[in-house]
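Per-chain numbering from 1; labels A, B, C and D assigned in written order.
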Amino acid sequence: MTGKERIARRIAREFKDGFYVNLGIGLPTMIAGYIPEGIDVMFQSENGMLGVGGPPTGVQTDPDLINAGKQPVTELPGCSFFASEESFAMIRGGHMDMSVLGAMQVDEHGNLANWTIPGKMVKGMGGAMDLVAGARRVIVAMEHQTKDGASRILKECTLPLTGQSVVHDIVTELCWIHVTPAGLVLTEVAEGLDAAEVQARTEARLIVSPELRVMTVSAA
Amino acid sequence: MNKVVSSADEAVADISSGSTVMLGGFGLCGIPENLIAALVRRRITGLHTISNNMGVDGFGMGLMLEAGMIASHVGSYVGENRRLETLVLKGELDLTLIPQGTLAERIRAGGAGIPAFYVPTGLGTVVAEGKETRKIGDRTYVLEQALHADVALIKAWKGDRLGNLVYRKTARNFNPAMATAADLTIAEVEELVEPGELDPDHIITPGIYVNRILVGATYRKPIESEFIKAGLTQSGGAA
Amino acid sequence: MTGKERIARRIAREFKDGFYVNLGIGLPTMIAGYIPEGIDVMFQSENGMLGVGGPPTGVQTDPDLINAGKQPVTELPGCSFFASEESFAMIRGGHMDMSVLGAMQVDEHGNLANWTIPGKMVKGMGGAMDLVAGARRVIVAMEHQTKDGASRILKECTLPLTGQSVVHDIVTELCWIHVTPAGLVLTEVAEGLDAAEVQARTEARLIVSPELRVMTVSAA
Amino acid sequence: MNKVVSSADEAVADISSGSTVMLGGFGLCGIPENLIAALVRRRITGLHTISNNMGVDGFGMGLMLEAGMIASHVGSYVGENRRLETLVLKGELDLTLIPQGTLAERIRAGGAGIPAFYVPTGLGTVVAEGKETRKIGDRTYVLEQALHADVALIKAWKGDRLGNLVYRKTARNFNPAMATAADLTIAEVEELVEPGELDPDHIITPGIYVNRILVGATYRKPIESEFIKAGLTQSGGAA
């Protein structure tokens, strides 16, 4: 099981029956593949769809039916389409139970940076700023460190922010971290690791929960 | 009442250089392909465009960019266009990036007679720089202004000669809001039907918002992710 | 021809082909019956309909199909239905070419009072304040004087306002008055009347247009 | 995911006295008849209602008023209800009248995460008294706040067990906006259909906004102008 798969499987366990969820592009999208049986989740795509199904099989993709990553998708029974201003009214109005996004950096205040690196070309924030400002619960799903081994969980973000004090939880292949007003609380660590090892790979100070558990990922 | 024009060229014949133009679509989905092609044929310049994206190299608004028609652009994501990158870095195009939901709401406000409104989005980020913020209840919000254009070019699925429009699946996106927010709204459709054929409960854009309507000559409708994979552009990215 | 009919017929002549118009309850509603041939006008009802047709003939009224006066109406081909917030986005956003309303008082500044009389029960303004603030052209259609012979066209409204400087034109059975920054300009008088006679029945000062004409009403 | 409840009584069983309740409808058109009847059976009191109108004597919200359930009301027109007049004049009911379009937009804002916005409506009238005004461009606007409720009771035509809704003709009115602006949204429909039966392009209220859905036991649907003519109430008036 890869680290990314471990992250996706763990977050999938957080979904409750009847949840409405927006999954960011990349790693978060993988979560849709690991939803526990008996749990009905409706996925939103911010370009104007609720009830997004998986990629179409075979050749007959429909150019009028894409997700926010501009990839062809399918319709689930009970899906609906709406305009962009409606889609973001839904997001901004606090109707999404959860938004799962990738990140470049997160910090002790729950600040998130995931849209631009100064000096490199600015692609744009798309819907990320709206999602983190509007969803009831914002979960960051990302690999714990950069390819160069640098921590992505910092005392203070150094990149331009996507949102200020918006992150509720951070899930990496190493651990689950809950963001609180007191700071980052380590609540789960991957099997075979302990809190000290996670802290060693993390710039931000981690408060170890008195109820620290082993991170269980779904088997399926 | 008959708003039908016979061609995209006729529809855009009086759009002048320097105009502010909204263009519907999300990525390459639901974009006014035929109107863009007609605009490119006119070769007007100095346009101020408002659109969520900027097409890709070789299609959609990318063609307008390649023709040197765009002076400034307001959008939320432009990651699929290398020519844009070059122009912005050279200072030849003024690019303003704003959150997608704020963009959509600013356009709606422009059509709804609401000059400004508060949102939580972007607080504490570059988006809020220079903007008024205000505490309302227990949260702080950013004041955002309406967007309005001289012209809106939009794409619907079916329409009638009164300008009533319906959209298909995710090709709806920014089109209905933009239809309301311009002095002149031009809609291209895949099929023209008789008034009364569209169920009045299903009409998304009532004809009051549409000044001209035309049937697009052809629709290519590439899927952006596949268009890019096919090697015509190379950058990847988010919405 | 009654005074009300004269007013309705005169205003009908102002409609241009392709106009979108909201007609208030009462006298303004009569205008729909006098639209010149060849002129296609779409009527809006602010409860959420564009393309309103006349009252249904026969017994089969549809309780789901009413106008803002809560009376049964019919659908014209090309009509559409929308929600209240959309209907008023349309009105407030300046998309209605014309709104024709009744009034209790209008004054030299184009102020309008038509929704409440203090001391009597307040029924509410409904959509009147939105219409006068939003329509491109606001025409007041009313009888020139009250039943008691008092002027309804005043120097200053004495009743609570519906809108401040919102009226573009005032049409009564006696005359057409255009509201300008300089004051009320009398542009048309009914056949057989002169400007002095109209002024005598009007509290507000009327500026007589150098191009004063006789008010022509449609024959049909 | 199944939001269906078996009766109106079950649907409103946990609404408590003192709640803020939005009720859809325009006049007697598109009102949640069955939910109102169930609320009246519960005899809770001190409700703060938000609804464009207030029913008529003998029907709709008029029944709640007669049962002494309403402490305050926000609406745009209440001309059809003599009992309300009496209560307001006796100081037993706190009535706030606001322009219909501002009411609709404040409700939409409550569902859309917009705490406040500017409108031209009501400037220079009692509606603007005590409110902030502001010059934006060359016009002065009034600042209006979002409206939100504990509960929204709405009426749609058809719905499915996921809460997706479609409306019929002018019975749509305030229902879709209210569906978005409450902590708990309960929808009554005339017909329950299977998920997928409603064309996803035609759904007006996506199920995300709806917590409970029920099929109304019966629909009386009187036409207000005729109901009043029939002598049950006597006042006339505007919308």
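Here, contacts are C-beta pairs under 8 Å (C-beta built on N, C-alpha and C of every residue); 3 or more make two chains touch, one makes a residue touch a chain.
Treat the numbers as computed from the prediction; the structure is a model and nothing was measured.
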When you check each chain against chain B and chain C, which touch both of them? D
From chain A, which chain is the farthest off, judged by mean CA positions? C
Out of A-D and C-D, which chain pair has the most contact pairs? C-D
Chain B-chain D separation of Cα centroids, rounded to whole Å: 34
Could you please state the distance in Å, as a whole number, between where the Cα atoms of chain A are centred and where those of chain C are centred? 55
Could you work out how far the Cα centre of chain A sits from that of chain D, in whole Å? 36
Centroid of chain C to centroid of chain D, CA atoms only: how many Å? 28
Residue numbers in chain A touching two or more further chains are 75, 81-82, 88-89, 91-92, 133-134
Chain D residues counted as touching two or more neighbouring chains: 105, 108, 112-114, 119-120, 167-169, 172, 200-201
All touching chain pairs, where touch follows the definition stated at the start: A-B, A-D, B-C, B-D, C-D
If you look only at chain B, which of its residues touch chain C in the complex? 1, 108, 110-114, 160, 162, 164, 180, 194-196, 200-201, 203, 206-209
Could you please specify the touching residues of chain D with respect to chain C in the complex? 26-30, 52, 75-79, 85, 88-89, 95, 97-105, 107-108, 119-127, 157, 167-177, 204, 221-226, 235, 237-239
For the complex, which residues does chain C have touching chain D? 24-26, 45-49, 61-72, 75, 81-85, 87-89, 91-92, 111, 115, 121-130, 133-134, 160-165
Can you list the residues on chain A that touch chain D in the complex? 17-18, 20, 40, 42, 44, 50-51, 75, 77-82, 88-96, 133-134
Of all residues in chain D, those that touch chain B in their complex: 105, 109, 112-120, 136-137, 139, 141, 145, 166-169, 172, 199-202
